[in-house]
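Once you've had a glance at the structure underneath, I'll fire off some questions.
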Amino acid sequence: MKKLINKPEDVVREALAGMAAVHADLINVDIEQQIIVRRDAPIKNKVGVISGGGSGHEPMHGGYVGYGMLDAACPGAVFTSPVPDQMLAATRAVNGGAGVLHIVKNYTGDVMNFEMAAELAAAEDIEVVSVVTNDDVAVQDSLYTAGRRGVGVTVLLEKIVGALAETGAPLAQVAELARQVNNQGRSMGMALTSCTVPAAGKPTFELGEDEMEIGIGIHGEPGRRRAKLATAAEITETLTNPIVDDLRLKAGEQVLAMVNGMGGTPLIELYIVFNELERILKGKSISITRSLVGNYITSLEMAGCSITLVRLNDEFVKYWDAPVHTPALRWGR
Amino acid sequence: MKKLINKPEDVVREALAGMAAVHADLINVDIEQQIIVRRDAPIKNKVGVISGGGSGHEPMHGGYVGYGMLDAACPGAVFTSPVPDQMLAATRAVNGGAGVLHIVKNYTGDVMNFEMAAELAAAEDIEVVSVVTNDDVAVQDSLYTAGRRGVGVTVLLEKIVGALAETGAPLAQVAELARQVNNQGRSMGMALTSCTVPAAGKPTFELGEDEMEIGIGIHGEPGRRRAKLATAAEITETLTNPIVDDLRLKAGEQVLAMVNGMGGTPLIELYIVFNELERILKGKSISITRSLVGNYITSLEMAGCSITLVRLNDEFVKYWDAPVHTPALRWGR
Amino acid sequence: MPVTHEDILHWLQRSAQVLHENSAFLTELDSAIGDADHGINMDRGFTAVSTKIAGVSDADIGALLKTVGSTLVSTVGGASGPLYGTAFLRAGMATSGKQVLETPELIAMFDAALEGIKARGKAQAGEKTMLDAFIPAVDAAQQAAKDQLPVPQLLQSMAAAAEVGMNATIEMIATKGRASYLGERSVGHQDPGATSCWLILQALSDTVSPEIPHEE
Amino acid sequence: MPVTHEDILHWLQRSAQVLHENSAFLTELDSAIGDADHGINMDRGFTAVSTKIAGVSDADIGALLKTVGSTLVSTVGGASGPLYGTAFLRAGMATSGKQVLETPELIAMFDAALEGIKARGKAQAGEKTMLDAFIPAVDAAQQAAKDQLPVPQLLQSMAAAAEVGMNATIEMIATKGRASYLGERSVGHQDPGATSCWLILQALSDTVSPEIPHEE
């Protein structure tokens, strides 16, 4: 295992300490409780927006804490949902009296832990609404399964919903916008290499020199299927078409497109994928009017990428364009 | 070779096309001439600031074209200095009548190609001043060698000098500030893995599971020495001490610190390195008052990091804090 | 011979040790169909339990098990944290104030734990989860109680049933938890949660009747 | 038997071919002590040259070589682009208007090219660069001229000297170019630029005297 770390068991704690040092102007990091909180929280009468999940997806979620996005994030152990205590501490820390939105990625562990936290918060008379993201088209959705995973759309949703919350909108409206963004967004990902969970010490899966995994999530789990390595053009088709179909995107529609790196793939390759994505969508007369290319929701050092599309409307665009100032996303101020 | 590309020979061209599509609001990309130019160039009476170098270091330099930083960038083939034609085209495109600053990283190829471009520009009566960055303490400097490589300080210098140029300062002053930043900055880097030049098709060097390269540049070249894999704490010491010594940093001084990922190292590890860096500098009573952590000057998919420190003064801070709006660096607007 | 407060303490310490020893193995299983953390999660949780119960060793069994549950909830995370946490919390509620557990109390405790896991995880038998070890184990316990077997034999038959159930997960297609994302590709791999469940039940049986060799 | 305009054209095409064939080899050499692109660079440049000179084949030798120089400058990049580019530009200036090159013109051409590389790269003999092939080659040419050897033999002795010089770079410590960053670690590796220089000179010798087998 080749990593810039000290001891595997100290990875999350030390990274949090580093993050606290770099971004002291934006966030407070409580290393004991393992939560990252906006410096000016709680903001009176503003809905608190929190999210959380396993570590190893940096900059998500801690990198999105700040003006116009999240009020707090709860990082768990690497690839492990945080525990209810963290979520409860974060909920308390950001509750300005207008209630708190929990943004939960759809994984059994995350859902159950957030559920327990919400029960505990309710017992303290803090109003909590949870919205679950489930945008991964690689996964079959049905009543009888765990449902789709929450992946890329989570980042875009946090931005859009965070901007609405910043205006002082009530909890019900903020939660409703979150549900809408989730409904209009889909993602799919692929891996060229595995990643290595620090405490596990070896790659989660092995891939041949000419193989890739299609339909991966963000936890180093194997994908839906293994395939022969292909060109950027072919890979982008493989990821994009199921998204377009599932969203029933039609000619003339506009999307927010994210080409996301899994952590080990350089930017130059992500631009190539974006180029292919634009070509494919242009062929369907769908236009990308907002975009994001880079490492936004990662799986440690995994090489690969994911594509997320969100069908845009005027409201989404307005809140997407609104100022944001977090460690990982910043514009307009 | 596992990359999200089509044909190796199309990598730079297609990545440029992708970049043009993503950042159409900020830059114009001339794919034929292979230059990236700020949308509003040339700006009358503003010194044009350009840089360039091989591709494979993304976001450098194209990601730094925009308000408050570069007016144009010339990306060469992967790890190969661009040719004088590109630099001349870029120089013409950004010349608003106040002359053009060439920011050149100290590599034989880059220096010679920029030199030829400057001769050609002079023949067209465009005033050009070149400033060479040479901040890599891993390399022995002497009159009889190629001198130190230009690495991380280049990014920080482009930001600081770009901000001054934005104020309408004359070429001589802009060039002088560039020299000052270069003089006050030093870097050192290390690699956990090699990278693979697309056209070469295989890793530039091989490293054992328990080995690392210390004192690497940014072109996948082997470093000064190979060493046994060490902890983040030890590695950070190894990189930081020569920088502090060479800069003769003293207790009470303030620095701008960059912990830069080489492309394949995830952010969580860079935060751990930053945490160590802060600890080491605190032990010497040197304070980090500005910082940057992320992938800013990379070597394709290489895993590893580099550290850059710039001794700060009020002028540097002022121009560092000034607004910037480029694809890869943005604040204040 | 009922299960005593001291037996429960020994069981918990033994579980912590067994899970620690099997941490890499459980994580290996989770690598194949999950995210390579189940052993790490369980080890972290039971290490915390082991430390915690040193301080509350004089409480009654119910209080002790509730402490275990809340400690697991607060330290494990992931899917297994709320599931095992809820199981122990419910087990604690079912044994409130008790100093020893006779067969009826044991059955009540296991029933409560099982209901807790089902309520929390909304899964059923056959979905390739810890339930596929735990449901047959509780069934076996009920049968043993009906057959009026003594407690050590009851626990032994539970562990044996859990092991059979665990092995049966190999051929299942996962429809709950992280392994479900793999669809058909989950077939051929043993479920990590079913494995930790068996380890914990085996630890209980071994604690109460250490002299009986079990068929591993 | 002077070198004709047609010989020069054949030489350039042959160089393009040889550099293409040796592209992976040159890149391999550059991987060890550089940035793994020298073969790619030279191949890109001479492929462009090959296309370009098809259009200017009726120009004089000087004009032709200047076109080669500017094409290399515009397409190669890196260190080798300005160096080889300048060499051919200067060679072109030294042979301006010529249709054939007798020994004195050849010597003048090589001298000019060498001065160009030295002026551009500010390196000297012994620094582990292309100069370590080219300087001994030009020395050999001058000796051959003094010895009044015919042109084919002159070119052959140039190529042979270049090869010896190239091999001598293996033991050198690089003090110029990218390999210099490696310091002592550059010892034991053959310089890629010295190798491409030998390939180009060998191509010239092979073009002019294809019947003479050379010792490769």
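We call the chains A, B, C and D, going by the order they appear; numbering starts again at 1 in every chain.
By definition in this document, a contact is a pair of C-beta atoms (placed from the backbone, for glycine too) under 8 Å apart; a residue touches a chain by one contact, two chains touch by 3 or more.
From a predicted model like this one, the values you see are computed outputs, not experimental measurements.
Undergrad: What is the distance in Å between the mean C-alpha positions of subunit B and subunit C?
TA: The computed centroid separation for subunit B versus subunit C comes out at 55 Å.
Undergrad: Just curious, how far off is subunit B from subunit A if you go by their C-alpha centres, in Å?
TA: Measuring from centre to centre gives 29 Å for this pair.
Undergrad: Rounded to the nearest whole Å, what is the centre-to-centre distance of subunit B and subunit D, using the mean of the C-alpha atoms as each centre?
TA: 32
Undergrad: Got the subunit A residues that touch at least 2 other chains?
TA: Expected reply: no residues.
Undergrad: Name the shape of the chain contact graph, picking from line, ring, star, complete and other.
TA: Here the contact pattern is a line, an open path with two ends.
Undergrad: State which pairs of chains touch, listing all of them.
TA: Applying the touch criterion to every chain pair yields A-B, A-C, B-D.
Undergrad: Quick one: in the complex, what on subunit B touches subunit D?
TA: 54, 76-85, 107-109, 112-113, 115-116, 138-140, 144-146, 149, 197, 199-200, 204-205, 217, 219-222, 224-225
Undergrad: Okay, in this complex, where on subunit B does subunit A touch?
TA: Residue positions touching the partner: 2-7, 11-12, 14-19, 21-22, 55-56, 58-59, 63, 192-193, 209, 212, 229, 231-233, 235, 263-275, 278, 288, 291, 293, 295, 298, 300-301, 303-305, 330-333.
Undergrad: So in the complex, which bits of subunit C are touching subunit A?
TA: 27, 31-37, 40-41, 44, 73-83, 120-121, 175-178, 180-183, 185
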